[in-house]
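Heads up, the next two complexes both have subunit A, just with different partners, subunit B and then subunit C.
And then the complex of A and B:
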């Protein structure tokens, strides 16, 4: 069952990632980031990192995607501007990146993973008695709201500063 | 948690509340009544100072002789005045309180420098005044921050507010340039600081100020972390390898904000330097002793040898370069910026404490540093105050020539300016002399006589450029080239009052330095 979910979400990630890079229209590319983020979130759930999954959806799917869309709409490119010229550097960079990734996969396939990694896979981080599990929301919340409560509250002052600063810098006339 | 502990942070709470009051008040006030906002802000600063005085008396009453500096190992009896607050996030000691007072003074001046006569109306909105108060709150938090996370966030509250304030004169191109340079370089330095803190957490698993001490500084990762943290802090101070932003940023920012940066930001950053020197970079020498029934370590431990020589070299370079570059400046604001760099160098001398030093010696060093910060703050604030009054047709007048014959037209202001200049140069009987005397004395007593001699030589050389202003004001006749002498100063009674006050304080601290030293 887990394997099926993993394969499906991995395929979803791969397919949408390929679609993102190959679209000519940036709006389509950004839209296809959404299935990619969903697939990533499922992968995080499978890795028993529910907090990362939630953040993946909220921060990336919610905020960053919208910011990308805003930027693209503000730039307001015409269709003829989207026809890119032959860019040699881009090909070299993608060849390098692909080669690196391929080499990594190949080395894992040929040599297998190191003993340390293997033991890490076999014995995932276990929660101690009365301790929240690594990667869980509790393990993040406890330091945030108990140990470092004061700095956490101070961040609210920082947000007020940013808010007032935005008003000062963006106000047209006073 | 003991909620009465929050009482120690009351001054910060007052300033934060005032900033919100100012912002909301600006929504109901008519534009012509906006000057009320700056007065409300100043009232908040004065209330903050009063709260600070009350806390100081509580501290003094608890310990008899008020302790200058607490470290994280301090242990206090149950129910007693506890300097270490909120699980070690803050420590409110005499040193932190003196930095808070300097920050409040700087905030009051920055608020008054932009009263209604300001032509750029963006500079008199509620948001602007609120942001000044928030920057002051950030400085006060930084003065007492006691773990690295609190330190980072307080530093960012202060820095982000000053980045925006530097660019708030939106009709002035230089203001935008100033803000951009400050933002880019400041963000870069914050990245260094954050890397340092992250490495430290990685090496020790703790964000407490004494983590490097507990973990042992011999770990290479801890050493790298401390060096990175030091870079981030010395940037804010304007010490020499990281000083290049200072002149452009100070020149472009509105004058009140420049004063806030030159005094408040510098004082708060030096508070961090002190906490790093005497807590993070130190080594255990004394065991807790019992005073008044409360067990605590009053004073901590000196720097290690390696850091010591690093500090000495940085101090020398900062003094020499700051004074040398200040000589060529024709813009008084820029000249004061370079002089600020030089003064950072003198201040660094106060942190040269040999490992052999005992608690009493370190107290003296810290007293020298905090006296220097207060004296430098008072005279620099006054000088920037005079500078912000000098305008013609709404344009600021910052050139050396603009001071020609000021003594004839505004004798009181010119007298104050002369006092500030002579005091900055370190002439007796003004505050600057005793500040330098104490710092050089502490450098000599820890065996850095050569550094003190170099400091004296550079401060003699600095007399050249400070006296240029005085000569312009008193000896060059106004309108010598046949032009009519302009009436060059705007008048704002609150700011004038503050300038006379700082002038009097400069004289008072010089004549009766023991008046302040009796405080701790």
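And then the complex of A and C:
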């Protein structure tokens, strides 16, 4: 059952990722981001990360996707600007480069996964008495605010700076 | 070259690429690699800067999937230690041995949760990156009326 759900959501992710990078019109690419994010959220649920799945749908599916759509509507591309983008040599060379990158990482990943790691991945999770379930908000909050407090605060500074910078960059000159 | 051949050959235990079907650690990492490669291809091949930004989001998602997969692996190690501690308790093992197993379980649980927390950091950084990148796109479009990287030759030497 889990295998079937995994294979279906993996295929959904791969198919929509391929669709995203090959669309001529960016509006269709952004629309196909939604099934991609849904597939990733299903994978996160399978990987016992329900909070990550919720954040994926809220931040990616809710915020980033809408921002992309707004920008595409704002700059209002004319159809003739979207005509070609097809450059055979560049496509072949970049397909080789992308395939090489993926293959390199894949070979390292497969070599690096020992049987112990593979069996640990398939070990069922049961929370100890009084312990929150793995991947729940409680289990993430403890290390987030104790071990990773400084990076967490730095991320909040980063977001404030990024949003102020975005406003200043996109503002019309007065 | 030898590393590539050993991936593809089929020894008695079925080979490594043959074991990718189903919900396993290797298949999650393989899916992450495939999405990363698709995103890298998008950044390299496309000339529309909006699609390049979307492809970067794909690559960030692929890395997030790898983080969460390894976090699940670490939680599994923690569960193995918990089970070992319960078994030792049932067998009447010395108290310090049980405490050591429970401490190891707690360490692996924390490191597993850290993997998911890094995924949350990636989401935050991706949101910031999308905001700044799209602001630059808007600003550039206002000045030059193009989103095609072939026309962005102001700094070409």
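By our rule, the second predicted complex is superposed on the first by the 97 of 174 C-alpha atoms of A that agree within 3 Å, B and C clash if a C-alpha of one lies under 4 Å from a C-alpha of the other, contacts with A are read in each partner's own complex, and residues count from 1 in each chain.
The working rule: a residue touches a chain if its C-beta (ideal position, glycine included) is under 8 Å from a C-beta of that chain, and two chains touch if they have at least 3 such contacts.
What you see is a predicted model; the values in this text were computed from it and never measured.
Once the two complexes are overlaid on the shared chain, A:66 sits clear of subunit B and of subunit C alike. Taking subunit B and subunit C in turn and counting the residues of subunit A each one touches, the greater count comes from C. When the two complexes are overlaid on their common chain A, residue A:162 makes contact with subunit B and with subunit C alike.
Once the two complexes are overlaid on the shared chain, A:151 sits against subunit B and subunit C alike. After overlaying the two complexes on the shared chain, residue contacts for A:8 are found with neither subunit B nor subunit C. After overlaying the two complexes on the shared chain, residue contacts for A:56 are found with subunit C alone; subunit B is out of touch. Look at A:40: by the touch rule set out above, it reaches subunit C but stays clear of subunit B. When the two structures are aligned on the shared chain, A:109 is found in touch with subunit C, with no touch to subunit B.
According to the touch criterion, the shared surface of subunit A, contacted by subunit B in one complex and subunit C in the other, consists of residues 147-148, 151, 155, 158, 161-162, 165, 167, 169. Across the interface of their complex, subunit A is touched by residues 3-4, 7, 16-17, 21-31, 33-42, 44-48, 50-51, 53-55, 57-58, 61, 64-66, 68-69, 71-80, 82, 105, 109-110, 112-114, 116-117, 119-121, 123-132, 134-139, 141-142, 146-148 of subunit C. Contact residues on subunit A toward subunit C in their complex (touch as defined above): 2-3, 5-7, 10, 13-14, 17-18, 20-21, 23, 26, 29-30, 33, 36-37, 40, 43-44, 46-49, 51-52, 55-56, 59-60, 63-64, 67-68, 71-72, 74-75, 77, 81-82, 85, 87, 90-91, 93-95, 97-99, 101-103, 105-107, 109-111, 113, 117-126, 128, 131, 134-135, 139-140, 142-144, 147-148, 151, 155, 158-159, 161-163, 165-167, 169-170, 172. The touching residues of subunit B, counted against subunit A in their complex, run 16, 19-20, 23, 31, 86-87, 89-90, 121-122, 125, 127-128, 130-131, 134-135, 137-138, 141, 147, 149-150, 152-154, 156-157, 160-161, 163-164, 167-168, 170, 207. Against subunit B, in their complex, subunit A makes its touches with residues 147-151, 154-155, 157-158, 160-162, 164-165, 167-169, 171, 174.
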